[in-house]
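Look at the two complexes coming up: subunit A is in both, with subunit B in one and subunit C in the other.
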Partner chain A sequence: MNRLLKNREILLVVIIAIMVAGFSTRAPGFASPGNLANIFNDTSILIILALGQMTVILTKSIDLSVAANLAFTGMAVAMTNAAYPDLPLALLIVMAIGIGAFLGAINGFLVWALQIPPIVVTLGTLTIYRGMAFVLSGGGWVNAHQMTPSFLNIPRMPVLGLPILSWIAIVIVLGAWFVLTRLPFGRAAYASGGNPTAAVYAGIDIGWTRFLAFVLSGALAGLSSYLWVSRYAVAYVDIAAGFELDTVAACVIGGISIAGGIGSVAGAVLGSLFLGVIKNALPVIGISPFAQMAISGIVIVLAVVFNARAEKKAGRIILRDRAAPEVSA
Partner chain B sequence: MMNAVAPTNDLAPLAAETPILEMRGISQIFPGVKALDGVSIKLYPGQVTALIGENGAGKSTLVKILTGIYRPNEGEILIDEQPISFPSAQAAIDAGVTAIHQETVLFDELTVGENIFLGHAPRTRFGTIDWRQINSRSKALMHQLESEIDPTVRLRDLSIAQRHLVAIARALSVEARIVIMDEPTAALSRKEIDDLFRIVEGLKRQGKAILFISHKFDEVYEIAENFVVFRDGRAVGQGKLKTTPQDEIVRLMVGRDVKDVFPKVAVEIGAPVLAVHGYSHPTEFRDISFELRRGEILGVYGLIGAGRSELCQSLFGITRPSAGRLTLEGQPIEIRSSSDAIRAGIVYVPEERGRHGLALPMPIFQNMSLPSLKKTSRSGFLKAANELALARKYAERLDLRAAALSVPVGTLSGGNQQKVVIGKWLATRPKVIILDEPTKGIDIGSKAAVHGFISELAAEGLSIIMVSSELPEILGMSDRVLVMREGLAAGVFERDRLSAEVLVRAATGNQ
Partner chain C sequence: MSDVATKRVIPDRLGTKTSRMLASWEVLLFGVAALIFIFNSFASPYFLNAWNLSDATFNFTEKAMIAFAMALLVIAGEIDLSVAAIIALASTAMGAAAQMGIGTPGLVAIGIGTGLLCGAFNGLLVAGLRLPSIVVTIGTMSLFRGISYIVLGDQAYGKYPESFAYFGQGYVAWVFSFEFVLFIGLAIAFAILLHATNFGRQVYVIGNNEFAARFSGIPVERVKFILFLLTGLMAGVAAVCLTSRLGSTRPSIAQGWELEVVTMVVLGGVSILGGAGTIAGVVIAAFVMGLVTFGLGLLNVPGIVMSIFVGLLLIITIAVPIIARRIKEMNR
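Then we have the complex of A and B:
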């Protein structure tokens, strides 16, 4: 049991289950499969963005520009859809991913080639991308009636009981798991963050690895931009304002070390779901949005404290009797 | 005066004077290592005592005890013949002990005055910082050091020597009576050293006791009255420098017979594998040439900061040389990055395992497979089974002890971590392996195992470059030794000409 609790993912599952059970005593039907599916669907975009953020964080970087990237790309996609309703949706989605990846590549290039700290780079591009969204739209909105029905409806279409939006999130989760655990890039990302010097010594190009991580994060932000605009049926400059912090929070809660090198896809997903459950539950049981923000904040701080303790334990073990048992490998 | 050196702790001839500080029977034990073993030393007012010893002889442990960082397991410290203990660094400062470290710990963005009085700034009546006093007292301290550095200048605008002055002024500002100088001349030019020595003479006149740690014999003879030689955590000799010839001190530093301890296996030395011609770096080393043959162990000896690791890092592609050529098995090669080196079959096991060698949060097998991923992957996809097989093979070979190969490397002991690093590089099946201080910081039992293993590798036909600061290791393991001094090759010595004296003389420039 003790060992189970030490596993961050299992601990999060237990906590989320307890939360759901607790909320359902106050709000009957909260734990119904339909509502849970709703919560998952609601959290899908956060999950997708958090996976991109996680990849960047693993390499000892951070991407604060994801939400601004989403706003610009979303605006571009929505305006294209409004202006050329005949363009196939697939092309729009490819375009969204492409624009997002390009904006991510700008971040990655600045971090890689100019050696600027990622937090500074993305703080800058965050403002730039949002500004670009304003310039592009002239401050205007793209409303639901300007969008084509397929643009609006496809993510909502249910397939095997779940909307396509949820399925996209599931596919991305599996894809991220595959990339991070089955491709050399994933290993390079963990190594670049876990010990950049050792990674260089092992022949890994950490600059290139970070660049790719930013491109991935940008591409996922681009994909999310379409999903976001379609889901809320509106595009304007300020969509997803501040949402980059939610993605970082989801990672931190999910046990992804902000110092890089530690974290799992399951952790990022569960961290996102944790936030999703809280966001969905608090209004149901009548807690004001302001208290919600405070509660989310407390959870994040607790998660950081928890992470710090866990990482400390993973450090050096000087006492011999505390070291790994002497079993020959 | 007294006779030459007495290789015991007998201090009777000096007892006529009263020491300011005395350490009696100090022992410091770390798991698996006795860093200091019953050390007794005395420091006298107005005198400089030189602390001499190889790297790892226990000098820095002693400094850390004196500055309250470590608490000794045995023994006592007396100041003015009164027993005292240093439960904290502040307690040592309060007792009048201060240390000027090799890499001076100061703040570039603060002014000279702020640096000097950081942590003990004089206060006004209202409890705020008394800037006027900081500036006037800083000026007085600098004046005492025969310098006119303006206390309001930022530290980053000063030269290294001037920073040293600030560090010394800081030491003096706390009314220190015992000043420890830990290799203070390492980064200084000759003129700066002269300036520093004038300051030390001034401190002597003020009756301060100075413990001066240095490798350089000429400096020691120039500035110090007394000496203590450390070897393997013991004070093996002390006395007056005036009556002790340098040869005697060299003998004390290295004196021991090491031939039997090392499992050096006679290996047939084969054809040349790696040839280095005139390798140079803009700032770290110049014109290094050597040849490395199949099955050969080339020792690289020198003092810390002689450019040995820098040379090796350059051979491994971490830094680029400014001049020089490499040939590997007769073919000229160019190494621009570590991946080039790995591909060519040259690997580097770095000195600092934690910093350069391992990603501690990652599992053992992933650390081991990291440089070999191309080989373990199939068509671009990682194959965990292959990685595990590779890790298992080398874990067995190295007798790695771990609960499982999937546990994070950070949970292993130092000796086992070292095995992971070595295993990771062996798995790339290299031709040349560069070992930088392969046994630094690991316990004696593991040391023997690592040495045995190095011999085995040589026997299998690997060519080995072994950088070490430990003479016994160099003497016991090497077929040939390249000695470096201040970035230059001070000589290459064949095994039949090897002796501790020859190497120490070459490394210290004491001909």
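Then we have the complex of A and C:
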């Protein structure tokens, strides 16, 4: 099993490398370290969100509200910054993470305490959170000139050759790896998705684990909201519209099973980078940016086909179906 | 997540209880619809007007057509998130054909045909390759709408023949629009299909226990494929109506409708876990959502704020029966 997963990640690395090599024949300089660092920086927010999404998916749930959470929290943070420019940035970031985690906790609570299927809960909160962003802002925009320079510039500041935004993503990746592979919560997350019945018998509180996963996903969405608003230097109601699907796509491409219990941090990161490379390559090689949507659609479908085959080989599907009647996410 | 909870309940009693709860679900929903209706007629003097109410039906008829097919799909334990993207692609195909001078019958055939093709593609992936429908249709959602974006970019198709306008703007008799009559006809057709045919029983069985369905000789894959085909077909029909009503096609047409359709289905009492639900519930849910958006519209509430109400409606209508059951269990 482990070897199979490793194969999967190596395969992704190879595919990404081939893509980069292919693109650089069309556009010299595409594979230059500077451009690759750019792509990584560009994909940082997707990576952070995909790691939160992955944790939720591992527990056999799904969080479709991440992008709406990002829009609401981003608006709240940007408006606070515009209204009180004297507040220290650290406080704003803590506020962003706090609001995000709170919105995630609402999702988690509904899933945990009321046992409403996660897809229904987050479908509902997706529209609610984005609607709240509109109510909060009255449909207005917060533009770059209303934001303080430190609010805008700190994620761009280069440290050791990489912008702080990239470093934040790297820290989150390492943190997610630690939490999911070295802490009891990580084991609980894998167990409650892989085999819920066995997890209950092993003394794992599935509901609580799912709740924590949603809080984590929300907190990461909150952090991303500041990064997003600062990176694009604007906050409005529709920021990141539809981005929740990109996070799910990154997970699926990275080999995280939508049925729960299977997946790795490296997979989620590589899945995000895969999408990031495509997104950055299209304009460079002269393909209309309008084609990006169709391409990621094809990639998702292919990835699902591939995942299903890989999972079947591991012989896990039969086990799971027997142990716990299929509870669709 | 329900495997812990189900153990506390004796299975055969669960069945009768669920059916009893469902029997009252439609009644409850009908009560909600009536309340909204009464509230609206007090809140705005423009509400109780036959033509205004007729206009209001356009808020939900197209979505409801898809919701009928989606209800069957959800009852069978699957989901199709690509329906709105199918509308976009079908509308784009019709638009391209209209620019080439193809007449109204040809356009309708192309719209419905595109819907069927997309449905068949989904069905092939889910039923043929046995992939999870939620991710497959997230993928095809990007793919179908992506093709529309490749074809149209930031352009729009506009020149539709005059007779094509009938489907979205025509009236059969008095205030009853073509769309509304079609909606009623489809509701009856789907109610018969689900509640009075072998096929309908098979859909329920698959949703309740796919293994048992297989052992009972039900062609699970074929039924699922047909359901995706039906959903694609209804998305095609909705695309004809919507395109005809708007008179133009942009790649962003019907954006976000998949969520509204699913909301309608779930609000109608269809279990998202599969195996339970009725067409009558979906019909009432369609009216509830139509009345809410129309009533709020008359009060000048912006569309995005309406979506908050729709989201709250979705969560509350699901949460209330669960909380009520909890309280009942506690008192026992």
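As a working rule, the second predicted complex is superposed on the first by the 309 of 329 C-alpha atoms of A that agree within 3 Å, B and C clash if a C-alpha of one lies under 4 Å from a C-alpha of the other, contacts with A are read in each partner's own complex, and residues count from 1 in each chain.
Operating definition for what follows: a contact is a pair of C-beta atoms (placed from the backbone, for glycine too) under 8 Å apart; a residue touches a chain by one contact, two chains touch by 3 or more.
Please read all numbers here as calculations on a predicted model, not as lab measurements.
By the touch criterion defined above, A:248 reaches subunit C but does not reach subunit B. When the shared chain is aligned, subunit C comes close enough to touch A:288, but subunit B does not. In the superposition on chain A, contact of A:91 is made with neither subunit B nor subunit C. Taking subunit A as the reference chain, the count of touched residues is higher for C when subunit B and subunit C are set side by side.
In the superposition on chain A, contact of A:258 is made with subunit C only, not with subunit B.
Using the contact criterion defined above for the overlaid structures, shared-chain residue A:21 touches neither subunit B nor subunit C, since it reaches no partner. Of the two partner chains, neither subunit B nor subunit C is touched by A:171.
By the touch criterion stated above, A:197 is placed in contact with subunit B and with subunit C alike. Of the two partner chains, subunit B is the only one that A:181 touches; subunit C does not reach it. Subunit A uses residues 197, 200, 324-329 to touch subunit B in one structure and subunit C in the other.
Put simply, subunit C touches subunit A in their complex at residues 1-5, 77, 79, 125, 129-132, 134-136, 138-147, 149-150, 152-154, 209-211, 251, 259, 262-263, 266, 272-274, 302, 304-305, 307-308, 310-312, 314-315, 318-319, 322-323. Against subunit B, in their complex, subunit A makes its touches with residues 181-184, 186-187, 190-191, 194-195, 197-205, 257, 261-262, 311, 314-320, 323-329. On the side of subunit A, the complex with subunit C involves touching residues 60, 62, 110-111, 114-117, 119-121, 123-128, 130-132, 134-135, 139, 196-197, 200, 206-207, 210, 237, 245, 248-249, 252, 258-259, 288, 290-301, 303-305, 308, 321, 324-329. Residues 31-32, 316, 318, 337-339, 341-343, 348, 350, 354-362, 364, 366, 370-371, 373-374, 377, 380-382, 391-392, 395-396, 399-405, 407-408, 410-413, 416, 424 of subunit B are the ones that touch subunit A when the two sit in their complex.
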